[in-house]
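In what follows, a single structure is set out as structure tokens and then discussed.
The first chain written gets the first letter, and so on, giving A, B, C, D, E and F; residue counts start at 1 in each chain.
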Amino acid sequence: MKYGVRNDLRAVVKKVKKDEVMAQAEFALEGPLGMTCVISRDSMDDLDLKPGDQVRLLVKAINVIPVKD
Amino acid sequence: MKYGVRNDLRAVVKKVKKDEVMAQAEFALEGPLGMTCVISRDSMDDLDLKPGDQVRLLVKAINVIPVKD
Amino acid sequence: MKYGVRNDLRAVVKKVKKDEVMAQAEFALEGPLGMTCVISRDSMDDLDLKPGDQVRLLVKAINVIPVKD
Amino acid sequence: MKYGVRNDLRAVVKKVKKDEVMAQAEFALEGPLGMTCVISRDSMDDLDLKPGDQVRLLVKAINVIPVKD
Amino acid sequence: MKYGVRNDLRAVVKKVKKDEVMAQAEFALEGPLGMTCVISRDSMDDLDLKPGDQVRLLVKAINVIPVKD
Amino acid sequence: MKYGVRNDLRAVVKKVKKDEVMAQAEFALEGPLGMTCVISRDSMDDLDLKPGDQVRLLVKAINVIPVKD
């Protein structure tokens, strides 16, 4: 399986919260960093994410914004 | 300075390439992971990213896609 | 501080509303125009936007869609 | 014609540049502000934007990032 | 009316659900496929989508991710 | 394999073009419709898309914009 995205990061689910339309999950990445995603509630229900689940997080390169001090 | 984005990751520039309209940079994150961004050539010229530069990478939570095996 | 985005607009907060997962804020731009953003509820709580607050609104050029009659 | 986007701004084309795959246009908004968009070269050719053309710029609220000092 | 997006698909509304900030609609495309959109609640109220309504769905090419087995 | 996206469409590659930073592919969907994607050149090279290849196209619901006449 190959994805047309540059960023594909292994992660573990920490926490999930849900509204009727949207839902959010927090993840620990390999190493010291974490990441948060927001998806539709329906997609969250399909994925059925629970704390401890192993996932991969895809991020298109076009959606990453560099900031320099 | 506070940003309305969930994901704000420290990174170091590894490599940059440029077209007339778009440009791409590759980064090492803290820990074992890396990340790639694509921005406009004009933004890349303004930022003037060079290998070794320290930056922060912002990613809105809505642009992160979880995948589960 | 330099951002890898083309659009960086000064604005003043007019109105905020919140759900459990998402939140919305409306802004007045310099001049006659306004703008609306939707971010995660957690990001809204971190920013703590209130009517009258001065902010900057970042928009990546890739997320702007021109329409011609 | 009604669009499912919160931000719909009148603008005038200032400048266009093109690569084989992507293209960029710069605009003056009503008032003192300007904006830049990046779209595919094919979409730019279909729109045939030229300096002086009047357009509307659509931006989904989810793609606006507030920053507070 | 010409849009600076590559993908412009005719569709019929099947179902709508709403939160305070966000709303979701499901559509049948021409042919066997369907599609779902999430927009702000305010945009949904402006559009006033109801089952059976004919719409067009715009998707920027940059937001389409190809996956290959 | 489950994806946190609402839209997952089977498609066949029709045509590919590439710049140094970005690349574009056109697809036929099941039924009468087509779709175009723009990804980084590096992702296109990894995927190695060629006319006739079968793929799936993922589109987050948040990136679909309904328009009503």
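Assume a residue touches a chain if its C-beta (ideal position, glycine included) is under 8 Å from a C-beta of that chain, and two chains touch if they have at least 3 such contacts.
Keep in mind that this is a model prediction, so the values were computed, not measured.
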item: Chain pair with more C-beta contacts, B-D versus E-F; value: E-F
item: Interface residue overlap between copies chain B and chain F, same or different (over half shared); value: different
item: Interchain centroid distance [CA atoms averaged], chain B/chain C, Å; value: 21
item: Distance from the mean Cα position of chain E to that of chain A, given in whole angstrom; value: 23
item: Sequence positions of chain D contacting 2 or more other chains; value: 1-6, 19, 21-22, 24, 36-40, 42, 47, 58, 60-62, 65-69
item: Pairs of chains found to touch, sorted by chain label; value: A-B, A-C, A-E, A-F, B-C, B-D, B-F, C-D, C-E, D-E, D-F, E-F
item: Chain B partner contacts - residues on chain A that touch it in the complex; value: 5-7, 9, 11, 24-25, 27, 29-33, 35-39, 47, 49, 53-69
item: For the chain D and chain F complex, residues of the former touching the latter; value: 1-5, 19-22, 40, 42, 58, 60, 62
item: Footprint of chain D on chain F - complex, ascending; value: 17-19, 21-24, 36, 38, 62, 65-69
